[in-house]
Each structure stands twice: as structure tokens, then as C-alpha cells.
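Residue numbering begins at 1 within each chain, and the chains themselves are lettered A, B, C, D, E, F, G and H in the order written.
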Amino acid sequence: LRTGDPEVVYGEGKSPAQVVEILGRLRAAHPDRPALATRLDAEALAAVAAAHPGALLDAQARCAALGDLPAPRGSVVVVAAGTTDAPVAAEAALVARVSGAGVRRVDDVGVAGLHRLLAVRDELDAADCLVVVAGMEGALPSVVGGLTGVPVVAVPTSVGYGAAFGGLAALLGMLSSCAPGVVVCNIDNGFGAGLFAARVARRAAG
Amino acid sequence: LRTGDPEVVYGEGKSPAQVVEILGRLRAAHPDRPALATRLDAEALAAVAAAHPGALLDAQARCAALGDLPAPRGSVVVVAAGTTDAPVAAEAALVARVSGAGVRRVDDVGVAGLHRLLAVRDELDAADCLVVVAGMEGALPSVVGGLTGVPVVAVPTSVGYGAAFGGLAALLGMLSSCAPGVVVCNIDNGFGAGLFAARVARRAAG
Amino acid sequence: LRTGDPEVVYGEGKSPAQVVEILGRLRAAHPDRPALATRLDAEALAAVAAAHPGALLDAQARCAALGDLPAPRGSVVVVAAGTTDAPVAAEAALVARVSGAGVRRVDDVGVAGLHRLLAVRDELDAADCLVVVAGMEGALPSVVGGLTGVPVVAVPTSVGYGAAFGGLAALLGMLSSCAPGVVVCNIDNGFGAGLFAARVARRAAG
Amino acid sequence: LRTGDPEVVYGEGKSPAQVVEILGRLRAAHPDRPALATRLDAEALAAVAAAHPGALLDAQARCAALGDLPAPRGSVVVVAAGTTDAPVAAEAALVARVSGAGVRRVDDVGVAGLHRLLAVRDELDAADCLVVVAGMEGALPSVVGGLTGVPVVAVPTSVGYGAAFGGLAALLGMLSSCAPGVVVCNIDNGFGAGLFAARVARRAAG
Amino acid sequence: LRTGDPEVVYGEGKSPAQVVEILGRLRAAHPDRPALATRLDAEALAAVAAAHPGALLDAQARCAALGDLPAPRGSVVVVAAGTTDAPVAAEAALVARVSGAGVRRVDDVGVAGLHRLLAVRDELDAADCLVVVAGMEGALPSVVGGLTGVPVVAVPTSVGYGAAFGGLAALLGMLSSCAPGVVVCNIDNGFGAGLFAARVARRAAG
Amino acid sequence: LRTGDPEVVYGEGKSPAQVVEILGRLRAAHPDRPALATRLDAEALAAVAAAHPGALLDAQARCAALGDLPAPRGSVVVVAAGTTDAPVAAEAALVARVSGAGVRRVDDVGVAGLHRLLAVRDELDAADCLVVVAGMEGALPSVVGGLTGVPVVAVPTSVGYGAAFGGLAALLGMLSSCAPGVVVCNIDNGFGAGLFAARVARRAAG
Amino acid sequence: LRTGDPEVVYGEGKSPAQVVEILGRLRAAHPDRPALATRLDAEALAAVAAAHPGALLDAQARCAALGDLPAPRGSVVVVAAGTTDAPVAAEAALVARVSGAGVRRVDDVGVAGLHRLLAVRDELDAADCLVVVAGMEGALPSVVGGLTGVPVVAVPTSVGYGAAFGGLAALLGMLSSCAPGVVVCNIDNGFGAGLFAARVARRAAG
Amino acid sequence: LRTGDPEVVYGEGKSPAQVVEILGRLRAAHPDRPALATRLDAEALAAVAAAHPGALLDAQARCAALGDLPAPRGSVVVVAAGTTDAPVAAEAALVARVSGAGVRRVDDVGVAGLHRLLAVRDELDAADCLVVVAGMEGALPSVVGGLTGVPVVAVPTSVGYGAAFGGLAALLGMLSSCAPGVVVCNIDNGFGAGLFAARVARRAAG
């Protein structure tokens, strides 16, 4: 049914031991696909590394995966506005890769420095699906959506203070985007954006 | 750049004469693609019909289009929860079709009557992209997202009263969906969902 | 007046010593019914265990009770969507039991995995009152309310992040449910749901 | 499955002709139970009266029903705080009666005039389920819940101005009630409260 | 200008040394009236006690005062709904006393136990001004306002969880009160309520 | 119990005939005090004038009263920030007068023109209670509360647009006032403020 | 004190006759500066035209001014994102001009079509102060603020639907802008932005 | 392009080592202007002091700067309402100075003590741009805007509790200000206000 998707455990609120145990169980039950754990703290990452020496670890993304990665089909580009948005972008990128897509990242191309964004325009156009991550006012997806016809998955982040209201300003802005072809995920939900983008990219690759 | 997308005029707040004029102008300037007008009231629809006898009119969707529709590439299925959600579903379906995808609609499959939804499961699995429209608590995208691995674009509608807060309950629910692979558009934004889904479907068709 | 209801102390913000003292006092003053303490942390649970060796302790529910439980009258089924909703479900179940109803739990039947829910349909139909616990988008009560004619008491939980807004998305969704016969409790209020359901079930038992 | 519940059409946004047609169709398809239409305006009520001379009409409740009412089983008492809350109370009462419960109403017993409420205390205690309707600060369910052990279904109304925020103040207050055994419906949702209360009362009657 | 009011230092965010210093300075500059410090933690209270052996300390109110209290003029009664509302009630009572009014407290008379409130009705009627403190749904001021014609100053507290939203439910409810003659202070603002009530009471005493 | 308060009918949502009837009935039942109707539109005011030739009518306040006004005891000054705040100020003033206080109005003394406010400072100091009415940012009560030690009842109005959110900005500002001795009424609630202020003023008059 | 600012009447809620009268009175009292009326409907504009044949009328800005305009000092450029934002931009431009600045407008340079914006970059750099008007997600001020070092006054408009929440999305986004040097006015407040920008421009002109 | 502005690193969420490294790098790359770091905790300030002995440190502002300050051009006055608003005022003042303006501070002139504000009126009038910082109800910018024609940049602070909602009350109030010529920055954003005000002041100085 979901060929290409990994098995996933959401690590938030689980002990390192629980994560290790569930991850191992998922891996054993589904030898045809990777088993992935997200939202891991340093302790949980270390526990996974100790228990599963071959695990793929990504500290910035706070994720770990077991099992061979599928050959990449289709391409996802993950674009991030600021350096503080990087953990969410990393989660999206890793999840898209584990879900079977080829992935590239473009960082630090916020709307207050347009030239950096304009310089990568061809790279954006060449993707099958874009994930665009931004906090504060969350303007980047509108600008990207105006530059290219590739499907854009916008991810608001909780970066910012005061009237950013923990990601609410970015969320409302992305939902109200004046650029068509922009859809939106929950605040800080790199996981959902990466999985969705990979599904789109795999289909585009045929 | 955006091969396959129509030229669009947003009819809200424009006079029938303005809509007719802009639509004609877009059509003349872009003979390779349809010109589309959305959010038209009865008067504007009549004005378009009078000025452009060959126009495609859809009163439920409140849209009109000029020019031959592109041959359909890929398939979009638009799923709606209740009868009052139909106008938004119709807008999504028409926009997806005008944007070059094949489109089918599945109506009245709300979560309070699961058997109707389960009966169309194969149809859902066969699509390249799903648009799922629901008001009130907006639970349908989560259920659909649990039934199939096809990308789901959720559209909350302003149907409901009291704590539905004009679509806010459905919007927050869809963003918080426990099913991965669900992305969200603005409240009542059938246009954005249809355009996005068509882009995904066209790519899937190769 | 309230035959069948326990005497209750709300443990939040009280010291272990205070809980022990009030619980003992309530027990002595009302020998005809259990004395119950809710929202206890590990320290308070330990203090009750030490002071009252015969106490009923439930660490998941964070509750303790003194006195014989009444013979169960009527049946309450507590349904929970995800594993992180379990503490609220446990509180509801324990309170319903201490309040004189028979209680069963059905866990991990979220709307993204419908088959597990459909498999317990008969069990739902056989209850006198259902408590349905869900976080994130809180869709489960609508689905359950569509499957059965038994009264449904919905409890939103604070599980989720971002647009879940600490249970607000689930709360608004449950209040806006398209399934009739669904009533709602405060966020994380397993206590209120359990007590209400037991009152309904006791009456149903005659 | 739902023995005792009526078939229902929600009249909001439907034309008088549509209401008449659906109501007739539901009646024909389900001869064993009443067919009910809610949220009817004067025109729709008149259309139902003209088409179905034997229809039960309730202008205050804005409802119409076809078919014999079931013999009443169990008792629901609908309590309303102020005169402006009466339409919601009327909807709850009519729906409970059509759903097979015996129903009584107690009006104008707001918390700012406690003696009127205290005078009907025995009537409250004798019910199988209470529906308590209040706007503005919505304090009445807490007071009623403190007076009796009968299950209380609270319905906030949109009565009030300013900080009442269209029923939000009453809704939040009822959800936060300091009296246990109070559950809550959507703002102005007399329908849901009446149906739920009838289900509880029918079960209590055995 | 403000004969009867104390000089005040707001202790939140100030170090114990700062509190001691400002309090001493205010005392020296205004020998005709007390100097009061509010929102003190245990450490600050201890520092005041050490520096000013004759200080009046109230740990529940988290306040300290220097200087002789004025002879009481007029009477303020501070009514609190629940035991968790006590710190706010204590702050109101102490501030009213330091501001020159006679003060009595009536605790634990929440609306879910009306008989305790009805038992003190004469005491309420005899006051010049009432301060009514309540959290959760904040229903108490409406009930008190319905029982007596004495001016009522309502203080919502942050007691509660979920839909209580840190005092918002109580605040909106009190502002929307169906009882006239109820005015409202900020959440947890016992200070403002006590000072206002004392001003009213002093005037009433002539 | 409430010597000095009028009998009141709230006119919103009532027909002119209903207002006339209730007003007459209240008047007959309570010959010792005025009968007052608030929130009357032009039609209702005309109907009262026709039915009760001796009625006191105030079109700006949208109020009507029957019966001799009590001799004024104590003094209330109603201060308004802008001309658009005048209807709320008028309601407060009329209600205070009908409730037995002497009343004066000071209009158009918004904080953006401080000299007009400073010019009436003696008048403010001479009052027994102040009602301060302001919309938009609602800053006036803080400034008045800093100028005088007289009790201040603040009334936010719905005047303003955008971020004024129908009175919410003024309401939150008044509740957060940095001046002690300021209490707050509901948005546009001149009635509650006038009644409360009259109660305080009558007591002050002894 | 405010040399260069006009005298202003806010037309909202005033009759055409009132507007004409106040405008004439202001003009007579302040012969050294223009008298300006804002927020005029068609009827009020016509009344001003009839009463004051020499008046400056701007239907898009909904404004009228009497008296010679001051010679322009400094330059304000008013930038608008979409055609529906034009009325707010027009109000800002007219007010800036009447307040003594030179003014130019740049329209239809939304972030979804960056090339139009980049084409006017020199014009932006040459201004003394920019007013940037945008609805929906309100991203334009961030992009402009990244392109130039000129002070930017951002004005959110109420253009949009659903999650735009009447200008709230744009307002929060502008306040959270990642570009420094962006300050914000109230929703649709072209008046405030124009007046502020003119004050800055006049000072810059020396 | 931005002659006069410093290079800036936002210290929140960066380690002391990261701050030291970026600050040094910015300094080296831009020898013509200061390099500034904001939002530094005590540890980061100490690290900067150790690594760059000549650095300018401001603990109240939580900022550090490297490089010679530019000669002051134009004058900014930073006005603060209360002592708890001082850190935000300090950040604004330091940033304005580092950005090339002359700066003075006026503290503790809240609206509840108008005489202190009136005493500095000439100083306000002499500035090229004012930054006005206030928490709680945020009334100060309106009062200042009414006293002077100098451009006012308002900064709401998160000072306050309850209905202040972390700066929201002040923010909404400032946006709704009845005084024209007031623009607003994000909550606690002294940085943005200082930079903007310096840009205005530098232009005013020619």
C-alpha cells in the first residue's frame, strides 16, 4: 500500500530504551524498508548508536534510521530561510531521503537577502517537489512559489519571538500565501513535509 | 515555466465587466492555455456567458474558463465530507481539470458514515493525488490519510457554527492530523488545492 | 444525593502530606464510599501507599483510592486513540470504576488505523456509555459516534504540537463534531468524563 | 443500531423546497421513527406545514417533525438561564421528545436569582438527565451540578455582547466548571444536547 | 490626594536586597502611611523580616508592610471560591487592610456548594464593598451579585487547566456577568481589588 | 435589599411592544423606584414616548425611564475620551442618575490632548466615583487613575478598527492598567458602570 | 508644534453634513494648513464637492482636502502588493502629500512576481521613507526591507480570506519581519502610515 | 547601501563561542562599521569581553559591539514607562548609538505619573525620532504622540501579567493608538526600534 514509506517511531516523550526497543521491533517486522525514529534527544541518539552500530544518525535532524536506504527516486529540494530553521529543514531532508527520494538542501536564503535565492533558481526548477522552511514572518514560500511552478510544501517554524507567537505568524502567512501551489504543514513538522514530498517525487520519477 | 497551469483572475470584489475584460485579455495574451475566473457570483457568470458564448461555466464552483481544456494527464480525486462542502469541492475539481489533470469527485463520505468511504477505497488508491474537503471538525483527511498512501491535500471549509469558528476548528485539526502525508490549504481554498493537485498529478503522469 | 460517587481530593498543587491527610479524613467521614485522590505525582503516590497499605494505586492514572470499590453497575468502555493518550484514558477508567461502574479499556485505535477500531465495534455497542480520548486533531469521537448509538463522552488531550495548541484543536473539533450524541469535557479531564460516564452507566443498569 | 433516534435534516442553508422534499423522503424511508428538521426559518416552517398537514411544528425551536412521537421513556429536564436562551432550550426539548424521552422545561432560573432555581430542586433531582442552557458567563451548569447528582449536559448560547464573544465565555466557563458531572455541547447546539440527553434517559428507563 | 493609600513596591523581578532598600526608602519618605511590598517570594519575605523586625509579614499573601496600620474605616469582605484561590484572596485582604479598611475573609464558598454561601448572606449584605475571588469558570461573582446589592469587585484567578486558559475563562465570564454591579480586575490581581475596595469602603465610612 | 437601584429591562432583541409592556408592568409593581429600559432603537423609544407621555427619554443613551428620579445622593463624573465614545458615556450617565446619584459628564478628553484633561482635574477629584469611557487603545483610565485617588470604573468601547478588535485592545489595556484603583466593565457596558458607580456614590453620601 | 501636519477629521460614522461642517470649521480655524477628511463614502465625497468647489477629492483614497497643498519636501514612495490593496495605498499617498511630502506610488509589485519589484529598486533607494502596503501573508515589507536601507513603514491590509483573518496574518508577519528597519501600522491604516512617512521625509529634506 | 548600519549577530540560541566567532568575522569583513551582538546572556558577554578586550559591553541591553562608534548624527530619545521596561529601552538606545545616532534616555515616565513626562516635554520636542517603550497597557506612546510632532516608534514589552498576555495588550493598544504618527515594533524588539530610529535621525541630520 505504502511502498517506499519507512516505518516510523515518534521519539518525543519516549525513553531511550523504549526508542531502541520499538525501532528494533519495527526493523525486524519490516525487513523491506527502513525503520526511522524522529524527535530524539542526545541520550536517545546515543542509545540507538550503541544498540545498532550500523544505524544512520543525524543529530541536527534529531533522527536515526535502521536498514539500507532505498535507491533515490525523484528529487526533493529542501530550502530554509535562516540558520535557526536548520533543524526542521534537516528533519525534512532526512525523512524525504529515508522515504526514497533524492534530496538536496539549500540553506540561508531568507527573503531579506534575495540574491542568494535568485542564484539557486535553476536548482529549484529542477526539483520534483520543494520543501520550504521559514520562521518569523514565513515569507519565503510565497517568494519561492512565485519563482517556480514546482509544487511547494511550506513548513512554518517556531523561530521568532513576540508577535511570531511560536510559529503562528508564519503559519497564517503561509496559509494566506498570494502564490498558488503552496500547501502547508504543521509548525516545525519537517517529518510530514519530508514524507509528503518524497511521495510526490517518487510518483514523478515514475 | 508553469506549463499546464491556466491564467487566473480572482473574481472576488471585481465587477462583472472587469472580470469579462480581464478574462478576455488573459485569453488573448496566452492562446496556449485556458484563462480561468474564480469566485464569480451569478451576475458575473452571466456576463461571461454573454460575452464568451463558448465559455465553460460551473455555477457550483463559481468559475468560468475560456479556451480548450488540455488533455488530462494523471488523475486527481476530490473527496468531500458533506453536501455543504460541495462548492469548495467543485472549485477544486474544476481548477484541477483546467490545470490539466483528469478529475473525479466522491461526495458525501463524512466520517460519521464510514461505510460510504470504505466502499470507494480502491478509487482513492488509484489516484495520483487526493483533495479532501471537510468542514466542522475536519476529520476526513486523517481517515483518508490512514486508508491510502496517495498524497492528500486537505481543504478545511467554513461550514459549521459555534466552536467551528468559521473553519478554524477544521484547519487546526487538519494541521494536527495524526496521519502523515497530509498537507493543508487555506479555509475554503479549493482553488489552491486543485492547482497543487494537478501539478502533482501531471508530474506523476510523466 | 450522589449515591455511588466517591469523595475526591484534587492532588495538583498539594503536598504529599496534605493529600494523605485529606484522603484519610474523607475516608473516615464517609465510610460508605471510596475516597479518591487524582493528579498525584510519584512522591504523593508513595506517601499514600506508605500511610494506607490497603490503598488502590494506579500510577498511569496518577490516582489513589481508599475503601472497598462498589460492585460494578452498568458498563463504561474507555477508548483511546494513541499511546500518549493513555494517562488520560487511565484516569477516566479508574474514576469510572471507583464511581461504581464496570469498566473496560480499548487502546490505540486512532483514526489513521481504522481496522483496529472496526474490530471492536461490538464491544462499543454493548457499552452503556463510551469515553473517547484523543489528542492532536481529536477525530476519534466523530468516527465512534458514527459507528454506534451509545452516548459518547469525548475528552481532548494536550498531546500534539504546533497547531494542536495544547489540546485546543482537538477540543474545537470535538465540539464541532458532525456526529450527534457526542458531548465534550475539558482538555485532559479524564476525571470528569469517568465520573459522568459512571453516572450514566449506573442509571442504565437500573 | 440507533433505536429511538429520529432521522434528521439540518435546515440551515437549505431552501424550503429542499427541506420539504428531504423530510418527506426520510419519512417514507423510515416509517418506524419520526423525521425531524431543525434550524428552519419562518418560510421553511410554513412550507412544511403546507406540504405535511399533520406535521408537528415548533416555531420557538425552529423545528418540524413528521410521524407519531414515540411513547416517552425516561425524563429529561431542560433548564434555561434567561429568556433569550429560550430558542436553544426549545430546540433541546423538542429534539429530546422526538428522540423518545419525556421532557419538561424550567425557564428563567439564572444564577442572579437563585431562589427560583432552589425552588425547583426536587424536579431536577427527579430527572434522568438535565440539559442546562445559559449564555453570557454560563454559570448555571456549575450551580445545577452542585445541587444534584443527575448527569448535566451544558449548552452555551451566543447570548451576550463584548467579552461574551458570541458564546465563547460561556463555552470556556462550562468546560472549566468546578462541578464534576458536567459535559458540554457546541454553542447554541440544543439539537446535540437534546439527542444525547434522550439517549441517556431512554437507557435509564430500561 | 490619596489619603489612606499605602506606598507600594511591586516585588516581582526585584531582588530581596532591592525590595528591602525600596521599602525602607518609601517608609522614610512617607511617615504618615504604611509602606507595602507585594509579590514577594520566601527569600524576600525573610530579608524584610531580618531588616525590619517590626514588619507585618503575610506569607500566604506574599506581602510585607512597614509602619502602623491605619484605624479601619468601613468594611471589606473578601470572598473566595476554592482553597487554591486563597493566595489571591489573602493579597486582596491584606492590601485592603493596609489601605485603611476593616477586612474579613469568607473562604471556600464555591458555587458547587451553595449552602455555605447562603449561610453567610448577612455578612455579605453588611459589607461596604465585596471582593470576590474565583478561578476555573469564575461563576461566584455572578451568584454573589445576585444575592446582594453591595458593590462587587471580581478577581479571576489563574487556577484551573485546559479551557480555563490561565484565568481567561474566569475573566471573560466575570466581564459577561448577568448580575449588574460587578466590576472586574486583572487575573490574580488581588492587589488592585483590595486597594479599590478599600477606597470605596473608606468613602462609605464617611 | 437594593434600595436605590431601578428596575431594568434590557431592550436588545425585544420588540417595541414588548419593551412598552414590560416597562409598564415593572413600573406598576415597583412604585417606589424608576423603571428603566436600555438598548432601545428609535422605534422603541418612540413607542415608549407614545405609551408613557411622562417618560424620560435619552436618544444618545438609547434609554427610557418611568417614574420620578430619586433625589441625587453622591456624585458620579463620567469621562469620555472621544466623540464616538459618547453613546456609552451617555448610557452610563443616565443609568447612574436613575440609580440615585448626581451625575456630570466630561467629554472629549482623550489622552492625545492632555491639556483638556488636566483642566478638569479638580472636578475629577471632587467626585465620589469616576466612570472613564474610552475606545481604541483605551489609555484614558490609566491616565485618570494616575491623576486622582477617586475610584475609577473603566469602560472599553468597541470604537476603532483593525487591531482594536472590537474593543479587545481597550479591554486588555484597561485590565493591565499600571494605575491601581482601576476596575473594568464589559465592552460598551455603560449600564453596568453607571449602576456600580451609583452604588458607590450613594454609600459615600452616607 | 506640528508644522506641516494637516488638520484632520475621521469620516467613519459621521454624516455627510457633519463632515462638511467640521471640515469647513477646521479650514477656517487653521488657514496655514490643509484641512483633510478621511474614510468618506461616495455620499460624503459628493457633499464636500458641492459645499467646497475647490476641494481636492480622491475617490480611491476616500479622502477630501481643503486649502493649498504645501510645497513638497522630501520624498515618500508608497509601494502596494496587489490591486486590491490600492485603496489603502491611495490613502497613504494622499495623506503624505497633504502632510507636505512629495509622493510617488508603485503598484502591483507583490512578492509572487519579484521581477516587477526588482525593476523599481532604484526608485526605492531614492526615497526618504517607504510605505509598503500588503494583504494576505504581508510578505512584501520584508522583501523591500532586504533590498534597501530606507526606513520602511509597513501597512497590513484586510485583503484575503480564511487564515488571513481580516489582516491579522499580515499584521503578525510584518511585526515578525526578518528584515530590520521595518515598523508597522494598524490594519488598513494608510492614514497613519502616510502622516508618519511625511514627518520623516520632511525632516530628511531639512 | 546601508551606510551607517552596523553588522549584527542575533545571540539568542547561539553558544558564547559561536557569538565570539561570528562577531570577530563580521568585524574583520566590515572594517568600516561596528559589529554588534544582541540578546547575549552573562556568559556570552563574558566571552566577548575576554576575546575582544576593547569591546563595548552593555549588560542591561545584553549587547556587545566591536569597532569605533560612528560620530553621532541626529538625535534619538528613548523613553521608558517603568523600571522593568529598562532592558528593552537599553537595547534600543545602544543599537541606535551603534547605528550612528546621538542617543539620550528618559526613564520611569509612565502615564500614571504624568508630571514626570510633562517635565521633559522640551527634550522630546528637540529629538529627530522618539522610541517609546512601555509594557502592561502600553499607553505611553499615545500620550507622547499627543504631546509632540516628532515621529514616535513604539515598542511594547512583555512586562505585566494576566490580561497583559506577554505584551499582547500593549501591542494591540499601540497599534490602535488614537495619536497619529505612532508606528509599532514587535514585542521587546528594542533592536528594530533603535535601528529604525537611527536611520530616521541620520537622514534628519542631513
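In this text, a contact is a pair of C-beta atoms (placed from the backbone, for glycine too) under 8 Å apart; a residue touches a chain by one contact, two chains touch by 3 or more.
All of these numbers come straight from a predicted model, not from anything done at the bench.
The chains that touch subunit B as well as subunit E are C, D. When chain centres are set by their Cα atoms, the one at the greatest distance from subunit G is C. Of the two chain pairs shown, B-D and A-G, the one joined by more C-beta contacts is A-G. Look at the CA centroids: the one farthest from the centroid of subunit A belongs to F.
Once the centre of each chain is set as its mean CA position, subunit A and subunit E turn out to be 52 Å apart. Centroids of subunit A and subunit C (each the mean of its C-alpha atoms) stand 36 Å apart. Centroids of subunit B and subunit H (each the mean of its C-alpha atoms) stand 48 Å apart. For this pair, subunit E with subunit F, the centres built from the Cα atoms lie 26 Å apart.
For subunit E, the set of residues that touch two or more other chains comprises 162-164, 171, 175-176, 186-187.
Here the touching chains pair up as A-B, A-C, A-G, A-H, B-C, B-D, B-G, C-D, C-E, D-E, D-F, E-F, E-H, F-G, F-H, G-H. If you check the complex, the residues on subunit H that touch subunit A are 12-13, 156, 158, 167, 171, 186-189.
Interface residues of subunit E facing subunit D in the complex, by the touch rule stated above, are 81-82, 110-114, 118, 136-139, 142-143, 145-147, 160, 162-165, 168-179. Residues of subunit C touching subunit D in their complex: 1-5, 8, 125, 128-129, 148-151, 153, 171, 175-176, 180-187, 191-193, 195-196, 199-200, 203-204, 206. Those residues of subunit B lying in contact with subunit D across their complex are 84, 161-164.
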